[in-house]
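Both complexes shown next keep chain A, but they swap its partner, so chain B is in the first and chain C is in the second.
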Partner chain A sequence: MNEQELLSIADDELVLGWRDSEWTGIAPVLEEDVALSSIAQNEIGHARALYTLIAKDPDALALDRRPEEYRSSALVELRFVPDWARTIARRYLYEHADAIRIGRLAESDDKAVAGLAAKIQREEAYHLMHADMWAERLRDEPRFRAALDELLPYALGLLEAADRPALLAATGLENVAPIERGRHDDSWPQLWEEMTMVRRSEPAGVAW
Partner chain B sequence: MVTTEQVWAALDEIEDPEIPVISLVDLGVIRDVAVDAGRVRVEFTPTFMGCPALEVMRDRMAERIAELGAEPQIDVILDDSWSTDRITPAGREKLRQAGFAPPSPRQAGGPQLVQLQTGISRCPYCGSTDTRLENIFGPTPCRSLRYCSGCSQPYEHFKTI
Partner chain C sequence: MIWEVFRQERKGQPFQHAGSVAAPEAEFARAYAHEQYGRRGESAALWVVARDAILDVEDFVDELGRNYHRVDGYSLKEKLKEARERAGTAVDR
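Up next, the complex of A and B:
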C-alpha cells in the first residue's frame, strides 16, 4: 500500500463525510438524521486518522490542498440532497467496496496501517449494517435500482481490479465497466470552496 | 518524585467528557503509564475515532500530570488495542447506574445486525429484557438507541466494537 492509495481512501472518507452530513436536520425521518450525522462523524474521524499516518498535521492535508490535489472519487463528491434513494445506493455500494479495501489494509505488512485498518473495521461494521438494512427495504424500489446501476461503475473504480469481483459477489450485481478514480465531479470545486472556507479565512498558523 | 501509582490514581479521577460517570481508567483508554525521572509518558488508545471527546481527554491528562509536578507526554496510539471489552467491570456498573446499558461482550467476527435486533439487551432502568433496537446510531458515535417495553422508556446502549 503506497501513500497515494492511503491518501485516496482518506480523501474518500473525508468527502463522503461532508456529503452525508448535508442530511443533518433534513433527513426523511428523524432516526436517519441521527444515523447519517453519526456516520458522517465516523468517516471524518477515519479520514483524520489516515491523514495522521501520512503526515504530522492532518488538518493541513484535509484543508490546505488545492482542489485538484485531492484524490477523492467522483462517487463521494456527487451531491444527492434531497434524493434519498441515490444517497442510500451510494452508502450501500461505498460501504461494501470500503469493507473490501479496508480488509486489504488490515492484512498489510506495515503494522501501523494494519492496526489502524483493524480499528476502522470495528466502526465500519455498523455502517455496513445500516446500509444493508436500507438496501433490503428499498430492494424493489425502481429509483433505488436505477441508482445502483448509475453508481456501480464508480464503486468498482474504488477497488483494485483483483478486488472488483468481491464487490459484485457482495452486492449480487452484474459486472459493468468501471469508472476509474481521477476525474472529479463537476460539483467538486463548489464543495471544496465550502469545506475550506473557514480555514482560508484565517491567516496561516492561527490556533483554534 | 511522582510515582506510577500516583499517576494512575490521578488519571482515575478524570471523567469521560461525554459520559462523566466513568473515569478514563474505567473506560480502558490508558494502555500504559511510564515514569522516568520527572517525565510521565501515557499511552492513550482512543475509543471511537470521530469522537470529539478524545482531544479533551488528552488535554486533561496532560494538565493533571503537570499538576503532579511532572512533564507529561501523551502518545495517542492509533492501533486496534481499544475495544469495548476493555471497559472495567466497575466501569460497566457505573454506566448501568447512569442509565446506559453497558456494551455486550464482543463476539468473534464482530457485531451483526441480527444480534442487535434479537440479542438480549437489558434495560438499565427496570432490568427487563423485553427491549428492541430503535436506531443503530445515537447522539454520540458510541451509542445505539433502544426502547424498553417493560417500562416504556427509550434508553441508550453502548455499542460493542
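Up next, the complex of A and C:
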C-alpha cells in the first residue's frame, strides 16, 4: 500500500463526508438526519486519521491542496441532494467497496496502517449495516435499481482489478466496465470552493 | 412506528428509559437507536422495544379511600392527640 493509494482512500472518505453532510437538516426523517450526519462525520474522521498517517498536518492535506490535486473518485463528488435513491445507492456501493479495500489495509505489513484499518473497520460495520438495511428496503424501487446501474462502474473503479469480483459478489450485481479514478466530476471545483472557503480566508498566522 | 429505547450506561447498571425513535421496522429502529443514544459512547447497551409491545398499567383506583394501605395513610399524630383528649391528658402546645 503506497502513499498515493492511502491518499485516494482518505480523499474519498473526506469528500463523501462532505457530500453526505449536505443532508444534515433536510433528510427524509429526523432519525435518518441524525444517523446520516453521524456517518458523514465518521467518514471525515477516517479521512483525518488516514491523512495523519501520511503527513504531520492533516488540515493541510484536507484543505490546502488545489482541487485538481485531490485523488477522490467522481463517485463521491457527485451531488445528489435531494435525490435519496441515488444517495443510498452510492452509500451502499461505496460501503461495500470500502469494506473490501479497508480489509486489504488491515492485512498491511505496516503496523500503523493495519492498526488504523482495524479501528476504521469497527465503525464501518455500522455504516454497512445502515446501507444494507436501506438497500433491502429500496430493492424493488425502479429509481434505486437505476441508481445502482448508474453508479456501479464508479464503485468498481474504487478497487484494484483483483478486488472487483468481491464487490460484485457482495452486491449481487452484474459486471460492467469500470470507470477508473482520475477524472473529477464537474461539480467538484464548486464543492471544493465551498468547503475550503473559510480556511482560505483566514488571516496569515491564525491558529484555530 | 415508535420504538422506546432503554439505555445502560455501564455494564451491570439498570437500563433506564432514554427516549424514543421513529422507524418503519426493527432493523431501522436498531440503527437509529444506535446513532441517537450510542454514538458518543454514552451507552454500554441498549434495549429497543416496539411501543406497541409495552403493556401499560396506569389505572390505580382507590374509590373507598383505603389509604391505610399506604405508609403515608396512617397518621399516628392525629390518633395520639385524640387518645390524649379522651384520657384528659392533652398537653397544650
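By definition in this document, the second predicted complex is superposed on the first by the 206 of 208 C-alpha atoms of A that agree within 3 Å, B and C clash if a C-alpha of one lies under 4 Å from a C-alpha of the other, contacts with A are read in each partner's own complex, and residues count from 1 in each chain.
As a convention for this text, a contact is a pair of C-beta atoms (placed from the backbone, for glycine too) under 8 Å apart; a residue touches a chain by one contact, two chains touch by 3 or more.
As the structure is a computational prediction, the values presented were derived from the model and not from experiment.
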{"item": "Overlay on chain A: chain C relative to chain B, clash or fit", "value": "clash"}
{"item": "Touching partner for A:Leu159 - first (chain B), second (chain C), both, neither", "value": "neither"}
{"item": "First, second, both or neither for A:Ile44, with chain B first and chain C second", "value": "first"}
{"item": "More chain A residues in contact - chain B or chain C", "value": "B"}
{"item": "First (chain B), second (chain C), both or neither touched by A:Met133", "value": "both"}
{"item": "Which superposed partner A:Lys119 touches (first chain B, second chain C, both, neither)", "value": "first"}
{"item": "Partner chain in contact with A:Val15 - chain B first, chain C second, else both or neither", "value": "neither"}
{"item": "Partner chain(s) touched by A:Val34 [first = chain B, second = chain C, both, neither]", "value": "both"}
{"item": "Candidates 22-30, 76-84 or 94-102 of chain B: the single one with C-alpha clashes against chain C", "value": "94-102"}
{"item": "Shared chain A contacts, counted only where both chain B and chain C touch the same residue", "value": "31, 34-35, 38-39, 126, 129-130, 133"}
{"item": "Residues of chain A defined as touching chain C within the complex", "value": "29-32, 34-35, 38-39, 126, 129-130, 133, 136-137"}
{"item": "Sites on chain B touched by chain A in the complex", "value": "48-51, 78-83, 110-113, 116, 134-141, 145, 159, 161"}
{"item": "Residue ranges of chain C touching chain A (in the complex, touch as defined)", "value": "21-25, 27-28, 31-32, 34-36, 39"}
{"item": "Residues on chain A engaged by chain B in the complex (per definition of touch)", "value": "31, 34-35, 37-39, 41-46, 48-49, 52-53, 111-112, 115-116, 118-123, 125-126, 129-130, 132-133"}
